[in-house]
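First, the structure itself, so that you have it in front of you.
The first chain written gets the first letter, and so on, giving A, B, C, D and E; residue counts start at 1 in each chain.
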Amino acid sequence: MSEISKTASPATARPLMKTLLPWIGFFILLLALPNIFSSNVGLYTMNLMGIFVIFALSYNMLLGQGGMLSFGHAVYFGLGGFMSVHFMNYIEDGDFTFPMYLIPIFGGLIGLVFGIIIGSFSTRRAGTVFAMISLGVGELMAASSLIFVAFFGGEEGVSGDRTTGPDLMGINFGQDIHIYYLIAGWVFVTVALMYLFSRTPAGRMANAVRDNAERAEFVGYSQRKVRFVSFCASGFFAGIAGGLFALNFEIVTEENLNALTSGTVLLMAYIGGVGFFIGPIVGAVIFTLLQSILSNYTDIWQLYVGILFVLTVMYVPQGLTGIFMMHTAAWRMRRVGSLILPYLRAGVPALAMLTGIAAFLETIHHMRSSVEGETAMSMMGVDFDSHSFVAWIVILALVVVGGYLTRSQLPQLKEAWEMANKPPAQREGAGS
Amino acid sequence: MTAAIELQDLRKSFGPTEIIRGVNLSIADGERHAIIGPNGAGKSTLFHLISGRYNVSGGTVSLHGENISNLPPYEIYRKGLSRSFQVTNIFPNMSVFENVRCGLMWVHDYKYSFWHLIDRQKELNERTAEVIEEIGLTSRQHIPAGVLTYAEQRALEIGIAAAGGADVIMLDEPTAGMSHSETDQAIALIRKITEGRTLVMVEHDMGVVFDLADRISVLVYGEIIASDTPENIRNSKAVQEAYLGAEAEE
Amino acid sequence: MLEVTDLHAFYGKSHILQGVNFHVGEGEIVSLLGRNGVGRSTTIKAIMGEVPPHGSIKFRGEEISGLKEHEIAHRGLGYVPENRDVFPGMTVRQNLIMGIKDMKKQGRWAMEDMFKMFPNLRERADVDAGVLSGGEQQMLTMCRTLMGDPDLVMIDEPTEGLAPKIVAQVGDLLSEIAKRGVSILLVEQKLAIALRISHRLYVMGHGHMVYEGTPDELKANEQIRKEWLEV
Amino acid sequence: ADTIKIAFIDPLSGPFAATGTSGFKQAQFAADMLVNQKGGVIDGKMFEIVGFDNKISPKESLVQLKRAIGEGIHYIMQGNSSGVANALTDAVKKHNDRNPDDLVLFMNYSAVDPALTNEKCNFWHFRFDANANIKMNALTDVIAADDSIKKVYIIGQDYSFGKAVAAGAVKYLGEKRPDIEIVGNELHPIGKVKDFTPYATKIRASEADAIITGNWGADMVGLAKAIGDAGIESPVYTYYAANDGITKTIGASGKDKIRLVHEGRVNPPPTDEYKAYHMAFKEKYPEADISQFRIANALVMLANAMNQTKSTDPAKVAMALEGMEYTTIQGDKVVMRAEDHQLMQPISISVHTDENIILDADNSGYGLVTEKTISAADADIPPSGCNMERPAS
Amino acid sequence: MLELIFFSLLNGVVTGLLLFMLASGLTLIFSMMGVLNFAHASFYMLGAYFAYTISIYLGFWVGLIVAPILVGLLGAVVERYGLRYVHRWGHVAELIFTFGLAFLIEEVVQFIWGKDTKAYHEPEILQFPLFTFFGQNFPAYKAFMLVISIGIFILLLLILTRSRVGLIIQAAIHKPNMTAMLGHNVPLVFMGVFGVGCALAGLAGVIAGPALGTFPGMAFVLGSIVFVIVVVGGLGSLTGAFVASLLIGLLQTFAIALDYSVNDLLQLFNISFDADSALRDLWTLSLPQIAPILPYLLLILILIFRPTGLFGNRET
């Protein structure tokens, strides 16, 4: 018996401190961020990130953990938003009193209620049928939102004011920085809850059903119920994200529940990596960054996002997080250091090539969209004439030379990679 | 005493063809029962009918005297019947440990709980570790099940089926595709794991069958042509003709 | 007809075939014996191009190593895999149709022949192959390959998982195939069948041939059987 | 000297991009010709129009507003869709309430939902276009005068402006010609209808003698095309059935059939100054037209207000704009009514034709010829329900 | 009323057949390769844009022939260098790949052609009313659309039922090696089918471009409705797609044509309602208003009660 307890899952044996450490780090990070990025744009971006982090994580409860591909997840997000904004208005009108910062609860609840309603028939099946039902429900809701004006406000949506109602220690959340801390608080709590959910029997069975729904039935679980539970939980958290959206923007419109938003969350989760808990977080952060920062610098940022997305699906199906996780083996063996140099040697020319390609696209775009005769443009702080011969030579050189050098470095990179990941000389096995 | 499993005039048709044609069989509590028969006789189908994977077209299946025909698989499992599959059927992306734990969760009464942290459930995890120990996969417990070798997967398949402590265990060709030494290990494992329970299995490897079974039923074209002790079956003319055939040659 | 010289093959870095030499003549049944894991299946896969082959493989005097799988099949080689690789979502009939390479040409075998040989299949002709019993799937795989009218079939462990009685049936089928002028390269574990129907036998050791002879010779050669075949 | 940035928040992509981008060009051109080339404002500060694409979404507009504010912009300009304007005016008010040191002023050049200057009026919002009721009042005068019209079909986009048009039509027709039967009053989703044929079929089947619509952008193109294809002969009374590809689509099939109510005149060109301005614009943007002359008025009035107060502080500028009088380069005298921030200006009714066209639209040979102009005073509809909170100063 | 019904019927059939042209390519790709191609409508859009550009220089008719071929080739390239690569990551990855592709194509189209609507028009010789009925015109171009779509239906039906291509592909999805060893050139067939499917979408684009407008959002507008058709008709069933296309085309036109509302229904039973209640939108709901949601309602109902669709026989 004593032998057995030794082999128990290490998770149970793991010291509490070690489990908590990442969470404490996360907490401190959330507190520190606004001091680092204190500009308006910085705050705005981080608020959006927070909302999308919750939203994307809730999405991954379906796709990554439960194997349900949904094209209509924005429904719960949007409904959560609408519900919250209505409650904001009730508070403003004095119909009832409730602290504004807890409003997202209502979002979560309506997400849950609709999760229960829609989940009751859509989780009956998985795979394509589920995906198509989600698509249908998504479109149906989006179209209905334009019809049921009393609740959805039609084309204009519903606006509210977040500064009314009982305040929190004199703060009425008028400023973005207040909202930041509010969102951060919610992010911390919901991320923790969603993480914990994945560690419960329901969460584990969601994985099992994703892997092999049929077998799950032969260990006592109805696959439909398992999916249903995940689906409802996911709707709940998406609703909370929607509520935060309502608080942050003080307006909720049809867009919050339409296919575009559903697509965006899928994109975020997938780019980040659906196989990892933090994948969607990474995805949401990167996507929001691209969306709000890149769009300041270039008109064609969506083109870049599209390219990034397609390349991710093609070459790193585990998502960007997957790229980091690929290094864990090397990291454990303390060999990551040996990769730095090869990475640099391949990375610098690759960067040059990418710059070249971006310059090419930007220049073409500029030539086509600017007014007749206007040829001066700037990119990354460099001013040049889009019609000049020199500019094109430079672009060409960047692409060709960069591309050639990158290619020439690849074999070395591959070798270094294999070296770093070679298992250490077979030591005595731990017995079997 | 009621039988562990009782089949009464069980029938199954796919479209116009009747595959199981009125099977009557009673398997006593604690018995190790083997079902043999030619390919396509309907052995796996019979398993599917009992375990709820297929709906029956006629007749009844009873478990400990209770009619379980046409219940969904999970209901049947909850009543104490657990099975393995002829074609390996595990959770490939989850670790071996999690695979086995999934087989234990329901019986430990966690159901669809989302308020228990699973890693904190001491008893459950200890029991999981025990089962893994029994199937000899302790050193591989954190590896995704999908990358195990074939024999290891077969062992895991049996492990998941047996983990939950169901009192009736059904194994469909547990040793298929194993080498001789692996087969021997598997027999030992099955013997150990089914100690004190009812075992129903399908096997083509006569060595295994005669080694393990208390009683053997022979299924031919959806009908049971004989159900008897191993010796009697081995000597039965009808069985030799229908199934063993050229076996004597080697 | 088939002439394999100095064939090497690798899985990743492990060198599985280390210079295999053998040949199969017109109308001949040749068996490839050996213990588990010596590389018999790999040999066939290398010939079919599923595993990249290194060395020379000549079929009717033409070099076929390096060709694509479908090109090799069109030269007249047929392959029956060991793991009952039926197309589960298609009916038995569709599976058989899939075997045909050229719809316009009438080959040695018609679908009717197949059904005659295995009435089981006729009965199940419009059922998805995936739900066939293991044994039925094995029969189907074999028939499917024959539908392509190969001049040489390579069959990998056709009796694996079959009921003892059907095993005998398979032996008869193989003889029947040979009678129609098709050469056979058979990989078998069950010595009995191989000895009964083959014209010649090879015994394979680790990655290369260790013995060649007729069934009678092998029966007489206790030593080889002890060392390379028995477990 | 430094520049004064003005955020132009409008659809620069999507089904209404044509209208948005054309407005953007007109704004840039007006800032350049009428402000910057005349020496800028105060002591040489130049206007810079910065485009922000809102994809015609209220939500996205607020996002763009945040961005604009983040970039230190204090003046925003928007016009396409009253839905967006409703959201913006609300957001601007909230922003100014919460950030009294960082004020923003909203110049609405085209969103004509009457509510914006009535119940939703707001000190920081100024409208430089005549509102939907003022325009409908003028349009129904023309309809009422035509005795052959007995049945009218109203069709519009399903949002606040479309509804305002429908409500206005029902109200004024009811007052002026109670005998006219309204045989259809229909709203369709905005920007989403792929094919207007079913609507055309319905209109035709209703045997209406006239059609009233406020459709614009892609929705007007589609509707015009379907009406033309179905061979419907009834006259169409509209707000925005010209330029940005619409005139070209209608072409010969709409000759003398389509009547528009609008501010500003094109044919005959009201003044030489305007004609020169129009031609200069065509020179620079051969593919576009001056379709929204009010944009120029808005910018010049803003410049005047800044010059007057010698300040770029939105609070002072807003005060100066209230009640400001200005004579446009078309020679019209316009006044920004202090009470509700609605610009009082003459409006015209014009017809789609290819005769007597000096300045055509879409380079199609067709254009608008003004048949009737109503003076600012006659066109007036007094504000109702505007309770404006003015900042204490 | 007769006029309304007659023309609604005609319009519905025209819309339906146009939808079918799109759906047929998608069905082809889906039934054969198991790929739910989210980028399908994007290829349709490319067809319209290619044809637009070609028509500027060489006229409509050249565009009609060349543009679908170009789109088909592009589709083949996408299959060869994208989809085939992604295939190894499984179905979800494939689906997501096409989803990303749809996004990318829209961006690329905007990059190349800009964001505004293109002046792509039907050819002069088809710009006349084919007939006039009750004083309402039926444009010749619509008749042209009708003929082409029916032609495609017949052609595809022949290809699908008279050839083995379908089987080969289906086999190759799951077991490419085995299929190749039976003598079938799998990669080529895959590329071909995907290319043909895309070419069909392209053709639909060429024809629909002048009628429905050529703008960057045109793919998005139709994208999901095509899925509805394919699913409602039964995944992989060409006949199903045909029937579903007509059904949805008619549903949409008739919903717009017939002005009935919940209110009418209530009055029938002499029920009145409170004009201020929160549910007022529900009571005043009219058929034209809910026209856009009908297809999706249909989709959900079908999936709940008959997950295989009207004519389908498999779920995934």
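We adopt the following convention: a residue touches a chain if its C-beta (ideal position, glycine included) is under 8 Å from a C-beta of that chain, and two chains touch if they have at least 3 such contacts.
The UniProt protein names, listed by chain, are A, E = Branched-chain amino acid ABC transporter permease; B, C = ABC transporter ATP-binding protein.
This structure is a prediction, so every number in the text was calculated from the model and none was measured.
Chains that touch both subunit C and subunit E: there are none. The set of chains in contact with subunit A as well as subunit D comprises E. Centroid analysis (C-alpha atoms only) places C farthest from subunit A.
When every chain is reduced to the mean of its CA atoms, the largest separation from subunit B belongs to D.
Chain geometry summary: the mean Cα position of subunit B and that of subunit D are 77 Å apart.
One simple way to say how far apart two chains are is to compare their mean CA positions; for subunit B and subunit C this gives 33 Å. In this assembly, the C-alpha centroid of subunit A lies 52 Å from the C-alpha centroid of subunit C. Contact of a single residue of subunit E with at least two other chains is seen at positions 110, 289, 292.
In subunit A, no residue touches two or more other chains. Of all possible chain pairs, those that touch are A-B, A-D, A-E, B-C, C-E, D-E. The touching residues of subunit B, counted against subunit C in their complex, run 14-15, 17, 37-42, 44, 86, 176-177, 179-180, 204, 242-247, 249-250.
Residues of subunit A that touch subunit D in their complex: 39-41, 44, 146, 154-157, 159, 161, 163, 174-175, 249-253, 255-256, 292, 296, 371-372. Residues 12-15, 17-18, 21, 186-189, 192, 194-195, 197-199, 201-202, 204-205, 218, 221-222, 229-232, 245, 248 of subunit D are the ones touching subunit E in the complex.
Partner subunit D is touched in their complex by these residues of subunit E: 1, 3-4, 7-8, 11, 14-15, 110, 115-117, 119, 129, 132, 134-137, 139, 211-213, 215-217, 221-222, 252-253, 256-257, 288-289, 292. Partner subunit B is touched in their complex by these residues of subunit A: 3-5, 7-9, 11-12, 196-197, 199-205, 207-208, 210-212, 214-222, 225-226, 229, 233, 429-432.
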